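Chain naming follows the written order as A, B, C and D, and within any one chain the residues start at number 1.
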Amino acid sequence: MQMKEYKPLIVAFCCNWCSYAGADLAGNNRLNYPADVKIIRVPCSCRVNPMFILRAFQRGADGVILCGCHPGDCHYTSGNYYTRRRMAMLFSMLDYLGIERERTRVEWVSAAEGAKFAATMNDFVAQVTALGENKRLEDLRCKR
Amino acid sequence: MNMREDTLIPKVGVITDVRIDTPDIKTFRVVTPDGKKAFDHRPGQCAMLSIPGVGEAMFSITSSPTNTEYMEFSIKKCGCVTEWLHQAEVGQQLTIRGPYGNPFPVDDVFAGKNMLFIAGGVGLAPLRSVINYCRHYRDRYGDIDIVYGSRSKDDLLDYKEIIEEWSNDAGVKVHLTIDNPQEGWNGHVGFVPNYVKELNFDTNKTAVLCGPPIMIKFTLEGLCSMGFDKTQIYTTLELRMKCGVGKCGRCNVGSKYVCKDGPVFRCDELDELPDEY
Amino acid sequence: MQKITRDQLITKAVELLSNGTVSAVLGWQKGEFDYDITPAVFTTEEEIKNNFVYNDFCGANFSKYLVAKTKKLEGKILVFLKPCDTYSFNQLLTEHRFDREKVYAVAIGCEGMADVVKLKNKVDGIISIDYKDDAMYVDTLYDGTVKVDYADVLAERCINCKSKKCVAYDELMGEDGEVIDSARFDEVARLEAMTPDERFAFWQNELSRCIRCNACRDACPACTCEKCVFDNPNSGVENKAPANSFEEQMFHIIRAYHVAGRCTDCGECSRVCPQNIPLHLLNRKFIKDINECYGEYQAGAEVGSRAPLVDYTEGDLEPGEVFERGDNNA
Amino acid sequence: MRKLSLENINKLFAAVAEDKTLYLPVDQSDGSAKYSKWAEGTVWSNALNTVRSPKDLFFPQTEDLMEFKTEGKNIEVIDIRKESEDFVIFGVRACDVKSFEVLDRVFLSEPVDSYYASRREHAVIVSLACSRPSETCFCTTFGIDAINPEGDVSAWKTATDIYFKANTEKGEEFLASIEALTEESDDTAVNEQKAKTADIMKKLPLADLTTDSFGGGKTEELWNNPVWDEFSQTCLGCGTCTFVCPTCQCYDIKDFDTGNGVIRYRCWDSCMYSEFTRMAHGNNRLTQKERFRQRFMHKLVYYPENNGGLFSCVGCGRCLSKCPISMNIAKVMRKIGGDK
């Protein structure tokens, strides 16, 4: 019997003003990135509450990536600066609890960086694929 | 599997009719998927309705037990389950379990008595079951008086049924009132407790009360000042419930569980309970 | 340093109550066995004289009670604050959680409090405790009178005391201390040095004991939300029991995260945990990270300071760099 | 009476575990004990008692009740109940054994709770007499005999041996199943130990605590007692006392949407929580005082009123050692009883 190829489920929170547009551009330019990346559009990267990240893992994500405008370019002036601190602390805590640090990432992607978006997603998916399924922050009830 | 039935596991029900009664009250008709009544009940008893994923809540069964085809629930929009139900359409399934609680003593204590029903707002819902039961077995009861009040004419529940059926029955008198004057309303204006005092009923009646706590409080005082004894007055309580069978502990007041020992209480029994309902 | 005695505190409380400075006293009430002390509000001299105690088991942090107790209060309430409590007191003031005008704060020097769990692990059947200068003498059911050194039952949070300095008070009793260069982050560093698998195993073992009694949250002076997300049916994460390891982790991550930058490291969470989960290690991780990434910060050291997680600089570390830093350290 | 040398206790556990799941108190890494499944190498704890009570084994903290599948407007109810496996709970103290009776009166009264009943029917309870009660013990207050515990089998542990006596048919079966390992013995050693323990029981600090002021019909008398105001003042409103209590049985029923169905589960709830009685349009217990009063009135008045005088407290002392502010039922009883 052939093993089904493992494809990770990736949740990407993308800020409306930069990264979501970046993802759009990647699509328009026919740049490939895996379909297993589920994009959730947020008004600003700082809209993402730590609970969102945990809930994504609960609901079956194997990796969570957060994309926002480059520091200094936030549509709301400073949202992504807060994001940077918050996520740095959250990811550090997840790591402290023994949850693989490779499952989380923050990346700054502008509206012009379609190529970077695709490259980032390809890289992140490869990284999570190497790790395998998320076992440490999973909720078995959601996997039946 | 060879396990006994468990009351916590509900049956599936289907909404076969939705009637808009007032701006915030709808009446739902519920049967099982094969078109039968889910279970028999007595007037005043309740059922647990739930929408999986939304929640479960206790509702009094509004229809009379004499209706053997379906059950009705008059539900006011006030929480998450009720809000969800209010946007539900005919054909929507839900889950139903019951019947729960003590019914009104319609066959023993009430038999042969003159009945006085007093309701405010959605408080008519639990009484409708008893009223229709008494109307169905009209010869078993004496005179029936119904005092019903609401904020406005539009907020009167079952208005059509009241006007077209109840008011036309022999020996049934309906006294309607609304809180404030309204165009097109010729009836009484004023709060229920005051109206009850104005009507000054003879004490040869058994009274059944249901409505907002403040209405119950003042109506009860009014009835007592008219000479009613608390043993002549019944009411029905509402508290948060989860299991419906006196185990989850939520509706515990004193040594009683409202879901199991109530929701129908005689007012003198209530006096023995600590003031926490 | 001379230890503050029960009598001194009673005298102070009675004085302030009788001269009308305060109308109520938040203090410690004696229990059945000398170690089971309950925080209580005293309003009469008689109650204070009969029931007020102060001994090595008065670890409860009173700051959070001020939020509720000052709301309907007429006049002022007297509160006794140990040095670590004064930090929570300031932090609550920073967050405008109570009216400073309604509180008369008396700070008392502290030599560290005892841990009941530690004591019970040493001694069975405690009937009463006599606090002598050199040690406690515990009268027991089985072993007669047992001598227990104070150091042997000193609470973990007191062994690693961060500061004996009282940072807020109307009046100080005893001598003020200094901020201490403590070893409180050593255990965090030890965990950081482990492999992720070891860390995961460590926390699974600890957190699996959680019964979600919410004692950590309800005792925490930084947890003062009017309605906690875990109690709010509309939040999507409300629950009364951890259904599985995910929910155990989520509750504790979110709770620690929510107090990150505001937690003064008073240690109440670990003290009250009925399952002895070392919850302070979660909070200290955040404090350590914040100190290392964004500069030394002690919540509650002063009123009005800006918490690091509601602040930023343009040159902050990237989340990825935070890990690299950790690798360099390890 | 059957006797077994403690040296061979693991042989006994192995024999029992061969055909039944065996639960017994085991030390955890933090030093406290917990009822855990026995497996080769598991060491029976010497602790007086566990932090979590054995009620977990009949009434777990969370338990899935049923599942729903929804499709469009349709709902399917899936009964996921399974008959419980046979299991043995070993080393249950007298107080905890009594707690099962308290729970039984709730869950086994009509309509029977099938989830609880299934586990209860499949369990054999091997109790263990106390020999070193703690200062927080007050089971005698509720008429519980710590040196003669109830249960299917009673056991007494001395320094060298463990003695068993069957009390029920299930117990006889249990003893028969381990007959090869045990030998017949007289009860001299047991009686000696009983006498010693009985002496200690008399000396316990809470030995003089009585239930005189409590029981059915005392609602009116106790309702306005100032103790509720005074003692609830600093109550944190956490659930520690409730969750460690062997007799607290209030629960909540909730739905969890898994994304591919809905699980309806129940979990422990606490009357100390502010939203315990909150409804869409109000709450009948608005302050901590009312919630605090409810917990103690329920245990000391309402429950006995409905259950022939049986109190819903067994004096295990868990809340005494675990309450973050050291407020507890003993203090409440002392205060009210002392007011007389």
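To be clear about the criterion, contacts are C-beta pairs under 8 Å (C-beta built on N, C-alpha and C of every residue); 3 or more make two chains touch, one makes a residue touch a chain.
Note that this is a predicted model, so its numbers are computed, not measured.
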For the interfaces C-D and A-D, which has the higher count of C-beta pairs in contact? C-D
Nearest chain to the global Cα centroid? D
In angstrom, rounded to a whole number, how far apart do the mean CA points of chain B and chain C lie? 51
Taking each chain's centre as the mean position of its Cα atoms, how many Å separate chain C from chain D? 30
On a C-alpha centroid basis, what's the spacing between chain A and chain D, in Å? 46
For chain B, jot down the residues that touch at least 2 other chains. 80
Contacts with two or more other chains, residues of chain D listed in rising order: 252, 254, 256, 269
Among the residues of chain C, which are close enough to touch at least two other chains? 243
Would you tell me which residues of chain D are touching chain A in their complex? 256, 258-261, 263
Please output the residues of chain B touching chain D within their complex, sorted ascending. 1-12, 50, 52-56, 78-80, 82, 89, 91-95, 238-240, 242-243, 245-255, 272-274, 276-277
Sort out for me which residues of chain D touch chain C in the complex. 28-32, 34, 51-52, 61-62, 132-136, 200, 203-206, 230-231, 233-234, 236-240, 242-244, 252, 254, 256, 265, 267-270, 273-275, 320-322, 324-328, 330-331, 334
Across the complex, what residues on chain D touch chain B? 65-66, 68, 70, 73-77, 79, 81-83, 106-107, 109, 111-115, 117-118, 216, 219-220, 223, 249-255, 257, 262, 264, 266, 269, 271, 276-281, 284-285, 290, 294, 297-298, 301-303, 305-306
Complex interface listing, chain C residues touching chain D: 31-33, 36-41, 60, 65, 116-117, 120-121, 124-127, 141-142, 205-206, 209, 211-215, 217-219, 231, 239-243, 271-272, 274-277
